[in-house]
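Before I ask anything, let me first share the structure, which is written out below as structure tokens.
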Amino acid sequence: MSEDRSEIGKKTFEKITGDIGRRFLENLREVAPDFADYLVEFPFGAIYSRPGFDIKTRELITLSSLATQGNANIELKAHIKLALNSGVTREQIIELFMQISVYAGFPAAVNAMLAARDVFKDLDRLE
Amino acid sequence: MSEDRSEIGKKTFEKITGDIGRRFLENLREVAPDFADYLVEFPFGAIYSRPGFDIKTRELITLSSLATQGNANIELKAHIKLALNSGVTREQIIELFMQISVYAGFPAAVNAMLAARDVFKDLDRLE
Amino acid sequence: MSEDRSEIGKKTFEKITGDIGRRFLENLREVAPDFADYLVEFPFGAIYSRPGFDIKTRELITLSSLATQGNANIELKAHIKLALNSGVTREQIIELFMQISVYAGFPAAVNAMLAARDVFKDLDRLE
Amino acid sequence: MSEDRSEIGKKTFEKITGDIGRRFLENLREVAPDFADYLVEFPFGAIYSRPGFDIKTRELITLSSLATQGNANIELKAHIKLALNSGVTREQIIELFMQISVYAGFPAAVNAMLAARDVFKDLDRLE
Amino acid sequence: MSEDRSEIGKKTFEKITGDIGRRFLENLREVAPDFADYLVEFPFGAIYSRPGFDIKTRELITLSSLATQGNANIELKAHIKLALNSGVTREQIIELFMQISVYAGFPAAVNAMLAARDVFKDLDRLE
Amino acid sequence: MSEDRSEIGKKTFEKITGDIGRRFLENLREVAPDFADYLVEFPFGAIYSRPGFDIKTRELITLSSLATQGNANIELKAHIKLALNSGVTREQIIELFMQISVYAGFPAAVNAMLAARDVFKDLDRLE
């Protein structure tokens, strides 16, 4: 039932994205409230909560897709943080983007590396 | 005749893009005068002025293409304004980008939603 | 409720896609049954059934996105047929792909034109 | 004047594309006559005939763009032939696609290499 | 040393790709011998052999990138087989492409699903 | 031998990229030291140093790929400068991006034109 789907979505979304997600969803609700609901319900309620992969692996899959697209900088930075939260190490994130240089080219890989650098700097500053 | 094409292009370009277009074209002419001419003549003189679709529908088609590309943020914001000018409502713009989440994925849709949010904020500020 | 969402999805999917959709979904279910359910539930149950646009306009938006992507030939041909079924004319489909030449380049537009030609030929053969 | 542009376009199109272009344009005219005119007039009449680059260099630029897009196989094969006609050697075409592996990744480069292989085989068969 | 890199590359390439890789490399060598060397040396000698991820995880990353690109059908099918060889299950491959529907849209996911279906059918036929 | 490859790479990288490259590589080494090595060794040591094309032509090929991708703004601006350093004129860069409007659409071309404008302004300011 979609209330369940919504509930599962909200729980999964909050568990995975915490504060990052909350602020992002508020911004999105300002302009697209229904879409904000779908974003929680489908990606998180329907897909991310599926048992097929653990969250760590799902984040690797997502980072690969975003880095390949080369133009999803906001989402890429958000998912770098989510990946770190899920237990992916900084070295693994760099390792993943290095592999992207083979499959999507060096520009896409460089963009992703520089996004990772920004995220790591922000996180270091907060400590 | 290309003077006609140019003339039709200039008229169509001005009618549709007004001030937005004027300033954009000035910037472009600084670096690429011939290209600025082509941009008026082909997209606007040859295509946008064709009777097959009204401007409102053409803007929906353009927004869909730009949102799908995910990396044409300047043009996307310009065309969000042009779409509003042509009679597309804010709700319809959001509705379109929501449909993009199906065909180009949520990152592309989110990028477009946030571009729309920025445009709406600018317009609200000007009132 | 998701049974409603599923039900709405199935009805919308069948209404819009008829036989094309049925065969496609059977192929998909062979390999990805859960995904076949999501494809009916989210794109059709959640998005296509929304009142914001009529089906004709939604098909224009979808065709623009697919033609821009340039690599979704199966879906593009399917949606050309769906667009025709929804009342979009052959001339309008050509008009749309002509506009794509401006926003995604001539190769993407040519790919789409040749896909349209194949679909029209198939349909003419069936008469 | 656009008759001049059309004339220049037709001459340039024929000079560069010969039989390949003729057959292609016939196919296109079946479904999109106006678009076939634009394709001759704008890419060839307005751009390819400009003096800024010789045809050989223009073909390198085009091949790079098409190989990067990764999904314009018909146009890619056509332009491989046009490049050879303009004096680009087979080795240079392979060299170009090798460079693409850096900027767009190995999959795009491999697709282009295999397209080149098909074109070379066809040409060898005709001798 | 690059002989080491070449040696590591050849061993890794053979271990991971077996017959699939051998035939593919022969085809490639016909037209681009240097590039065939680079393809073994850089992707496999330099990247795939790095310890940061096991081969199974590297295949998930690669499949995500290829499915997102939507136009690398040959490589996608090859890597589906390589993933299966490395221990990824058919269900996990389907699960991955389902996640792609969120990040790159349903058309890209559908393309990947149908490629997987073809690969599974071929493999079933060989048994 | 890879020390030779590394040495050739470093020499080629420095010759072509000078200060631009040095600062860029420092930034990259902060977060991805191995990747910084690969970036010098493969693109520059293996590909750019090959005799098939002079550097000027290689820059045209690279600019075409980057402009087509539409989202590699940092690399695009860097390569605009590298192209100028290699002897490509400002007019030729504009001419190239004009051709991109045909093959990748006007948005990609406009993005590239505005990047060129920024680079030219920076360079004029330094004089």
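Just so it is clear, A, B, C, D, E and F label the chains in written order, and each chain counts residues from 1 on its own.
Note that contacts are C-beta pairs under 8 Å (C-beta built on N, C-alpha and C of every residue); 3 or more make two chains touch, one makes a residue touch a chain.
Because the structure is a prediction, the values reported are computed rather than measured.
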| item | value |
| --- | --- |
| Minimal step count in the chain contact network, chain A to chain E | 1 |
| Copies chain E and chain B - interface residue numbers shared by over half, same or different | same |
| Separation of chain D from chain F, taking each centre as the mean of its C-alpha atoms, in whole Å | 24 |
| Computed distance of Cα centres, chain D from chain B, in Å | 29 |
| Per-residue overlap in chain B, given as positions that touch at least 2 other chains | 34, 38, 42-43, 50, 65-66, 69-71, 98, 101-108 |
| Chain contact graph, described as a line, ring, star, complete graph or other shape | complete |
| Footprint of chain B on chain C - complex, ascending | 42-43, 47-48, 50, 52-53, 57-58, 60-62, 64-69, 91-92, 95-96, 98-104 |
| Chain F residues touching chain B - in the complex, by the definition given at the top | 70-71, 94, 97-98, 101, 105-111, 113-114, 116-117, 120 |
| Residues of chain A touching chain D in the complex | 101-108 |
| Chain D residues touching chain C - in the complex, by the definition given at the top | 27-28, 30-32, 34-35, 38-39, 43, 66, 69-72, 74-75 |
| In the complex, chain F residues that touch chain E | 1-5, 34, 38, 42, 46, 50 |
